[in-house]
Amino acid sequence: MASQDITPVGRSSAKASLLYDPKFRGYIFQTITVLVLTGLIYWIVHNTVANLQRAHLASGFGFLDGRSGFDISSSPFLRYTSDSTYITALWVGILNTLTVAVAGIITATMIGFIIGIGRLSHNWLIRKICTVYVEVFRNIPPLLVIFFWYLGVLSVLPQARQSITLPFGTYLNNRGFFFPAPVFADGAWLAGVGLIAGIVGALLVRRWATKRQMATGQQFPVGITSLGLIIGLPLLALAIKGFPLSFDYPVLGSFNLKGGALIGPEFMSLFLALSFYTGSFIAEIVRAGIRGVGKGQTEAANALGLRAGPTTRLVVVPQAMRIIIPPLTSQYLNLTKNSSLAVAVGYPDLVAVGGTILNQTGRSIEVVAIWMVVYLSISVLTSIFMNWFNAKMALVER
Amino acid sequence: MKNLVLKGALAVSALVLLANAASATTLEDVKKKGFLQCGVNTGLPGFAAPNDKGEWSGFDVDYCRAVAAAVFGDPTKVKFTPLSAKDRLPALQSGEIDVLIRNTTWTLSRDTQGFDFTGVNYYDGQGFMINAKKLSGINSALQLSGASVCVQSGTTTELNLADYFKSNKMEYNPVVFEKVEEVNAAYDSGRCDVYTTDQSGLYAYRLALTAPDDHVVLPEIISKEPLGPVVRQGDAQWADIIRWTHYALLTAEELGITKANVEEMTKSDNTEIKRVLGQEANTKLGTDLGLTNDWVVNIVKAVGNYGEVFENNIGSGSPFKIARGINAQWSKGGLQYAMPIR
Amino acid sequence: MDNNLSFVRTEMLQGQTPPLGERGIVRWIRTNLFATPVDSALTIFAILLLIWFLPGLIKWLFINAVWSGPDRSVCSTVGQGGIQPEGWSGACWAYVNANFNQFMYGPYPMDQHWRVNLVAILFVLLLVPLLIPKAPFKVANAIVFFFIFPIIAFFLLVGGWFGLSYVETANWGGLLVTLTLSFVGIAVSLPLGIVLALGRRSKMPIIKMLCVIFIETIRGIPLITVLFMASYMLPLFLPPGVTFDKFLRALIGVALFASAYMAEVVRGGLQAIPKGQYEGAASLGLSYWQGTGLIILPQALKLVIPGIVNTFIGLFKDTSLVTVISMFDLLGTVKQHFSDANWISPQTPISGLIFAGFVFWIFCFGMSRYSIFMEKRLDTGHKR
């Protein structure tokens, strides 16, 4: 502790000193804390073991290899049936959590940036609409937003037999959004190669263009070229192989649309709710970030003859990003954690699946431990990535 | 330092609670508390549901009242703890409630996890409900391949459902919720084609749909769901009290003792009625159970006999109109069979 | 010199009203809505959006809405067994109206509602003078509010003393639960958060480590898992037969969760205090606690008032998650009554949610406005 002992050492330290020595008191205090804590942990462990024995409950993670016996509605990445193990079920849950978190983060960021910039617009109407949006969504609980989307979306959408038909063989009804699933035949791998080549090519073009601009001041349309490369190369690859790609179109079955791929209303409502809710927070962060960039920066850019677009893109946003990134990170983490509210609408995320397992097996300690480990890992990984990104964006000073 | 303060406070409060809870048997505990803490469903109309004044009623609720009447001679000395499917067993385990009467299925794994089932107060089975108006032409569960099915998580229902569709080689899309209200709302809004739970539940929830007449319960029963009261393992006396409360209700029905005539019946000459109602000289049937000898009188006075409890809450006297079916007395072709009170 | 020769006007021209396009409403519209082509496009887009959205919303919320009625028939169309014409759609405020008491008190016994009302009145009477900067007796008021009021409220709400009947927490519900959880959560998390923040900045390695572990663990996991832990694992940790009230368990979960966030906010304030302030305090001979309490914390807390209020708002919103562990706060009660056979109709859920959202919104918006007000007032010009 910070209390400073100003008594000259030596004189009074002979008798009463030890008790008044902050260092010594610190040791004592810490020792007591450790002892109490150890005692408490021992007490808890002792009780837990006694309780588990009394209830004839085993402990340990061995049960994870058992047959789960229940089905999960949405498992886009793993093959899962009721014969799969508990551990597979947990993986499905983790992947579903990550899916909704990543999708939510992307849209929330887009919404946040649009609304945040909109709140600084010169246009009165846009400004007011954005303000109303932010004030409404920031001040109601996310759980309520999720219910609202879920019940709202469900009550507005039609039954399966009266599906809304959308272009490209897609349908929308209260069972979700149906779209054709691509089915790859032999030779489709070349398209993947094409995609990777396209991305690498785009990166190389960008590098070359920056170099050239530095040297000569000439600009090169990087964006369009990259887009062409990334879309064109896979298409070219497919064309060479004679389009080994077909689509499985959804068709109306006895209950529902059959075939194709499906995004369920549970995912949609959770995803929309998280995006809109977090978007309102990101909007405030973006607004604060942009306002944090000195007015002189904009004026200097104008004086250099930059137009409004490049000024925002090249001068304001890069500087604002330095202010924005740290709070943005915590919003991303919040969104990921809020995705655990999936349990309320029945989307099988980690918490929902874990809850079912907890219920079927009674292994509360193990399941809660798994939850904590997974969420903490996600938090730590996100923090590491965002710190790296932050360091990259930070002001480089000599 | 915060840890110290907090943990200290936690330990102290735990100790305070410990002092309260250290007692020998559940019966003594309950008597000392002065009321019975009964775990019930959060809202299953007909079995346990609060009305808009917060008063509980239903089949299971009457069982709680019957136990309270047996212990205290007063059916009002009971408090209800609404519990979700997930919370119910941990709540019983931790001693939060004294008895769980919450349409809980008797299974081997639950019985060996430190619980005791004291009997079956309602024989149920899992069924399916569909919207007949929208899905006309479907009259069997075997036609349900490809359907979306609404189901509550953490129940035996969820597992039975998976087994049934798998063994019949049908596909389905489970839509799983934590709470009954959520399942109801989702089914009512058309999110699923099929609602599955215990048949009694289907009849109850059907009435809470926007258009109850559009919905039908399919004939198939895909599982055995013996529902009954649960107590903690290791307190035989308490388990006996709950068990014999059930048998008392059944016996009363057998003997024609009703809420209305129970006072009269105490003066009956019939030896069996006299014995059951504790009117025999020097009887020790009730006191041996840890209760008073007029315990059956108290029970019947409070809630009536099994038949009355059934008909008032879920049978002909209720909006649900569930038939006695296999819950009829054994003498009438049902499964309800009371062990002799003697 | 010819004095008449003047290149400068001696009398000014009468100021003319600006052209129509440069004044009044027209100018305002031009500069605020149609400044550039892009602006114009945006404005037109926004107006179209509002035209598409607003009339329907207003019609649903107010014009078509049903304000009172005996049961669900007033909120359902003929086809759904009600009295409204086919194709009708509107908010069912009648449902909110009929269940209003339930939404406020939950299953709290009807004849005991006066106790809740009394607590609410006391709360407002004590809070309002505390919030008005000019009101006198701040210290006394704060002491009463934070130390005496909770005790009175506890005895009034729980009862079992002074002839009041005992109302167990299982019978609490609705807004009562939301506000109790939030108030206790706030009252506990602020001091706990300050202690944690001080612990994290402590020079004692073990204390520091413990605080860091606690704060970062709690901040890394969702509140739902904390609540699950409080409701499923706490019973396991205690000796057999010992139980915690369910309400208390949720309260502990919420308060611990909020205190970790509060600690980080307070730490931000502590870090912003220059080292000279610590040294100044020490050189005056103040002990650690004196220095912290009298010099450091007042400055640090002032700096982070917006952060503290934001944490309060977050806590208030987070209390709604207790529905997940089957407790019935405002949102939970509203949801519970969706399946009320008397009131089930296609309009009921949305109406109930909008009502709940409105109540939450009023509280949160109020708090955030107050924080902005305080921030401006306390901004005593220390910024360079």
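Per-chain numbering from 1; labels A, B and C assigned in written order.
One rule holds in what follows: contacts are C-beta pairs under 8 Å (C-beta built on N, C-alpha and C of every residue); 3 or more make two chains touch, one makes a residue touch a chain.
On a predicted model such as this, the values are computed, not experimentally measured, just so you know.
> Looking at every pair of chains, which two share the most C-beta contact pairs?
If you count contacting C-beta pairs, the leading pair is A-C.
> Could you tell me which chain lies farthest from chain A when each chain's centre is the average position of its Cα atoms?
B
> How far is the middle of chain B from the middle of chain C, if each middle is the mean of its Cα atoms, in Å?
From the centre of chain B to the centre of chain C is 40 Å.
> How far is the middle of chain A from the middle of chain C, if each middle is the mean of its Cα atoms, in Å?
Centre separation, chain A to chain C: 25 Å.
> Rounded to the nearest whole Å, what is the centre-to-centre distance of chain A and chain B, using the mean of the C-alpha atoms as each centre?
43
> Name the residues of chain C that each touch 2 or more other chains.
207, 210, 232, 235, 238-240, 324, 335, 346, 349
> By the touch rule stated above, which residues of chain A touch at least two different other chains?
Chain A, residues with two or more chain partners: 29, 33, 37, 51, 54, 151, 155, 343-344, 355, 358, 364.
> In chain B, which residues are in touch with two or more of the other chains?
Within chain B, the residues that touch at least two other chains are 1, 3, 86, 90, 93, 178, 182, 185, 189.
> Under the touch definition given earlier, write down the residues of chain A that touch chain C in their complex.
Against chain C, chain A makes touches at 1-4, 6, 26, 29-30, 33-34, 37, 44, 47-48, 50-52, 54, 121-126, 129, 135-136, 138-144, 147-148, 151-152, 155, 333, 337-338, 340-341, 343-344, 351, 355, 358, 364-365, 368, 371-372, 375-376, 379-380.
> Quick check on the complex: what are the chain C residues that touch chain B?
Per the touch definition, chain C meets chain B at residues 76, 79-81, 99, 102, 106-110, 168, 170-171, 192, 195-196, 199, 207, 210-211, 214, 231-232, 235, 238-244, 246, 324-326, 335-336, 338-342, 344-346, 349.
> Using the touch definition up top, name the residues of chain B that touch chain A in the complex.
These residues of chain B touch chain A: 1, 3-4, 7-8, 11, 85-86, 89-90, 93, 112-114, 134-135, 143-148, 153-154, 158-159, 161-163, 166, 172-178, 182, 185-186, 189-191, 193.
> Which residues, counting only chain A, touch chain B once they are in their complex?
So the residues of chain A touching chain B come out as 29, 32-33, 36-37, 40, 43, 51, 54-57, 69-73, 81-83, 151, 154-155, 159, 161, 174-175, 253-256, 258, 265-266, 343-346, 348, 352, 355-356, 358-360, 362, 364.
> Please name which positions on chain C make contact with chain A in the complex.
Chain C reaches chain A through residues 31-33, 35, 39, 42-43, 46-47, 49-50, 202-207, 210, 217, 219-225, 228-229, 232-233, 235-240, 278, 282, 285, 287-288, 291, 313, 317-318, 320-321, 323-324, 331, 335, 346, 349-350, 353-354, 356-357, 360-361, 364-365, 368.
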